[in-house]
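Common to both upcoming complexes is subunit A, partnered first by subunit B, then by subunit C.
Then we have the complex of A and B:
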């Protein structure tokens, strides 16, 4: 490379940083772009708006959308999205497995074979012998459509998706506390809060652009405090005023102890409690405030400090910081959700807001951060799980089924009243031969399920058809048919991020080869399976979107005002949004903000998801994880994401810059443990759990607590999920990826 | 050598010290300061070292966060 070329690239590098900061630059590169098209980042639940630069029909660059909530900033993954589109591993033709090998086939062959297999299974074994497994990365329209095809067209409620693995406990937490799913607050609360309570979230790596906003807020006012609860000293914990480096798995006691401190210090809000809250125990029996306080007596900081693994003094500090702050914002993620008591952890975080009245005000809200870019929109809102129907309705309720039957134009009582199988039950049923055919869309369960040795036989045994972009996705090793879909900006559709914000991904380029839009693949397949064409009369995703708006309009979700036209003009709108002139809703359950509450409603707040209009403060006791460390397996294994890679790596491992800097997974181990085991940085160590063993290079340091090891889960050559446990939360059915026991051995 | 666009988000009172550190580093070039808290810099280092270098920057006293906005590795390919 010549010097001048090198200097030119350095200028570009500096300009990209300036652009990310919102400083206008006259980038030479801009002059080489034919047009810019608006979209949403393909990766995390932050849902950053992006502008895709197209030249000669190809995406040549990606920059942040200055009009979206991210104000033009992207993290490295988002900025490097372009090479993913042009990866050599793109599937561009339908494939059928013949003699053990996936070989090119025609669309008719692939669709007919899949339709025939599904039809035969339904005719012979009933509709529950088939299923669908989708994704929080699919478009909203795709999930709504797939769910309708299976539930209304095929009468199978076996409709699941990978959000069961990441957000199901948040769904359970919100619905049990507020009666309705989804957060009440918005990202703007970050700019107004005075206390961040970050619980089980490595925001700096998993939601990097949001973390910048958090760091900005902290810096803008020295009175702003940050409390981080995490057994690792993550980059997020480094900005904390108080890092509670807890023992993994005992934090329910911590949350109850913080509630205890709040009452002892008289930081509670008696008026809010009296008007808007009631107390319930695990048997759903209602209790008085006095009984709740007696329940909390078992959780004094002094009583729980050892169990939690932090000092009583720090628990007092945490409770005071939360309660004394004018506004407190809780942000949590997989550390709370991927647990056998994930729903309870969610409830107990919301408790802190309800007892202090720190909810529904700028800067005050319980706020779960969604892992995936469209887990809220794509799956939760549209009812893409086995117990759900669109817009917060549930299959088990006849009234809800009847409403949806009417909207879908199918006979009353024709929907299957029995909820389908949740994710791990679905894959177990495949192993037992009870589910014979599965259609997947945009997901990689052979990498992302826990305890893979248990579930992979099911994938092998059943007829597996995958709508999948990349040929190296692990799941394709088991596929019988592969359908090549258009990817990201090759088709139009809508994503809904963590804050209930829906934004449009515009079509910017044509898809390669024979790729088709997934909406069209689903419609074509449904009709060939024998689904009434009148049930799926869609030409494109816009048709599906317009039906979804109608279906939501009689519920508190109400998307009626979020028209395609508005989405094309605006960079995201927060639901509920009942009319085209409605600006969208920043805070739910608040009169004057939430359009579901009449202007003349007598009270300021109304938790209308619950019949009595009150939110529930739950009395949830401490429970240990399913498989704590013991004498035989003395370490706790936890898994998670790193900033560079996304989920199963099928996209980020196509980006040379990322792959070179972060090619493989490692194990993070505490320096005291390493010393004891004679392990040095870079040594190979074997992790052994009750389910399997695997070798990783060691990274020794003080990030993990002693007794804890951490492995990122993106690496397809080191499938850490062969070691994780498939124990699930009994309420949300979400697996406990965050905690299982293991041994560590130098090799 | 990879070329990387980097934003260092700094604590206001430590911005000058972080800037001095950047200016003394052979592999970092200072390009500008925004709102007294964002240093715009360009890094030149082998891409295999990029990750470790960024982690090192993140651990520097006064640095709240590190953002990479651009990476080019064409002369390594």
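Then we have the complex of A and C:
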């Protein structure tokens, strides 16, 4: 072998180099971010803090804000937020419908046309012939401003928004029980509780980062119990110690039966009941504890088990788990709210906390989860509904109107004293020609309203101006004018999430094309409609925010200490927060925590929303849904979200991964039912309700109870809301999206 | 350089071996890239869309089971959130081993910073923190062990 040792090493080195050349070095994404900007996630009511990474004026990535309550974590949707901003479907120029087609126009043309149409309608038919339909995803400042423009500037109380479809029953529940809206607890209660009572909420898919916190709590202590009440075996039920797979619609009986168990097992808190609670029936007549107990006698677990669809033993277990736990936390969402007895369901959940005194202590609270990122905050707090004025005041009360008139600097008694039309009434009035002009902001009613066939004619008939980001939103099919707004981190503004936490979305990048901030669009439009410019003297959302702080300061809401400067520095503050050095309030109605209660107040708790300072335990009977299953329509249809998609899909369907993984809606059907109908997984089946019919691919399994079918509602090509019912809760006016009757046919 | 016949032949043989090795390597890298999904074509079908789990529970049952039982599975952090989509057209780079700096940081920025301070930024978080086995139920590890025994 003449190859010298030296030569061999040389050749080996050459070979190694060649080999090395062949190894594909993984291209690292360029992480030289120019700067990180603080924001709040665009999606659900969890309100996670998000940091957006900007390079060369573009958002290139996002990560969780470690200083916000989510401690840096994000969910599937939140982690994939960046591509939504750069969707090719962004509206970047004003559009006007000409010859049936939306065509580009100038800002002046679009604003003048809209202002003229609204003005003409008001002059001819009065202020109630126009309306505004907003969103729990608009900024707090946008909703406050739109509400002021319409109520004070145009004298129309037809100010509504999609929170009516989502949280109205929670508002009704809290105000009837505690006299004031909004949860009294906070997310930190999750870390301190020993029993989760998750009712009608698929937290895992709808509030994923909160679910992680719940799962963490459960993992940290094996004694922590999780009760899930849901007619579907959702991913949330995976961590349940007790899953009550109830029949949809009969769960009011379950809640009363749990109260019965609590008293029978002597798990009630007599001292709390004596000091802080009184009992009322549906006629608002006050009752004694004994009378309440007699009312509960009709709801023994044995009497209601068949109706509820679970065993009496499981109801006993649920009542004991809730009552025996040192701290219990109820979490609920659309399963309780989107019902014709949504307010009652909310009341009955709060009852469980009031009879056991499990409220206002770490880990104990009746906590309603909000669906949208700024419904709890921006809409409910600022009075963005037809019966509300800012900061918990109502139009029907003269004293409240007068307070607001003074704050807004308008003549006394000049506000319209008649509450406006609630959502379904507003769209019905549009069909009848009673409301001629509607301005929408950041919402997609042609997809999200129930019983769409009934309401779409109204959208078609009226003059519809939309401030909308995406050209493929269904509602734009009916729009006469479209205004392109700045989206998410393209402008600054405030979101308020489920736990009364307000946090700032900072402006990180410039908006594309001719997009403008919605606050400026609203101000410009108002002035052109003839609203006194002194009523809307705002240059930007910060000006509006500062006025809102002032307006709230004389009420128990009190945002005075939540300054813009603090919001820029901190990652969220919980109201009430009266001064700049106040840390925010974790638990309301508790002396020492709630700044509305004087330090020398004699009692530990004060439910100051009610005149007598006591919370109400309501005697609400079981009532069936508006349209239960029957012989002709033997299935119950329920709808909901999936973790991948958000609401009407206009944002999530812009993310390639999500669009690919979840391109279309399907129907979930129980395997026993499928067998009987000869349906196999992947077969096409037709769902037929009294309002419409639609074909879906079947997913056969044991997720749904027998007799129940589930369809996610994000898919614009399969609008399940053509089948849902528009029956509403008589108190909250929220539609019963969660339950209607249907039949299923293999096609 | 090569003074004898044997030397020449050795050089030719070595060159041949190198060519075959490099060629073979290049072919393997092209045909079987690290980020290859055998079922890429299937993901265009609605029925199979994005359902990585359905395939992987058969193809790589241990990994699929670990994910399902692990924190990411319980919390529905689905495959594509970290691995991207098989056609590589997604917002996340399709990768068997997600890059800590661009992927893991999205949710675990404080933890990545802590680890970076201690050990420097590693190429993979997975080497020390098996992300599919971090369990909520404390079962994943046992299940992994039982599978190892069975195999």
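The criterion applied here is as follows: the second predicted complex is superposed on the first by the 716 of 747 C-alpha atoms of A that agree within 3 Å, B and C clash if a C-alpha of one lies under 4 Å from a C-alpha of the other, contacts with A are read in each partner's own complex, and residues count from 1 in each chain.
Assume a contact is a pair of C-beta atoms (placed from the backbone, for glycine too) under 8 Å apart; a residue touches a chain by one contact, two chains touch by 3 or more.
Predicted model, so just to flag it, every value in this text is computed and none were measured.
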May I ask you to decide whether A:80 touches subunit B, subunit C, both, or neither, giving the answer as first, second, both or neither? both
Could you look at A:239 and tell me whether it touches subunit B, subunit C, both or neither (first, second, both, neither)? both
Which partner reaches more residues of subunit A (counting touched residues only), subunit B or subunit C: C
Check the residue A:483 against both partner chains and state whether it touches subunit B (first), subunit C (second), both, or neither. neither
Mind working out whether A:187 is in touch with subunit B, subunit C, both or neither, as first, second, both or neither? neither
On subunit A, what residues does subunit B touch that subunit C touches as well? 1, 15, 18-19, 23, 73-76, 79-80, 204, 208, 211-212, 215, 218-219, 235, 238-239, 644, 656-657, 660-662
Subunit C residues touching subunit A - in the complex, by the definition given at the top: 1-4, 6-7, 10-11, 14, 18, 21-22, 25-26, 29, 33-34, 43, 46-47, 49-51, 71, 74-78, 80-81, 84-85, 87, 89-93, 95, 99, 101-102, 105-111, 136-138
Residues of subunit A that touch subunit C when the two form their complex: 1-3, 7, 11, 15, 18-19, 22-24, 26-29, 31, 51, 61-64, 66, 71-76, 79-80, 82-83, 204-205, 208, 211-212, 215, 218-219, 235, 238-239, 643-644, 655-658, 660-664, 682, 697
Within the complex, subunit A is touched by subunit B residues 2-7, 9, 11-12, 29, 31-32, 34, 37-38, 40-42, 44, 47-48, 50-51, 58-59, 64-65, 67-77
Contact residues on subunit A for subunit B in the complex? 1, 6, 9-10, 12-21, 23, 73-76, 79-80, 204, 208, 211-212, 215-216, 218-219, 235, 238-239, 644, 656-657, 660-662
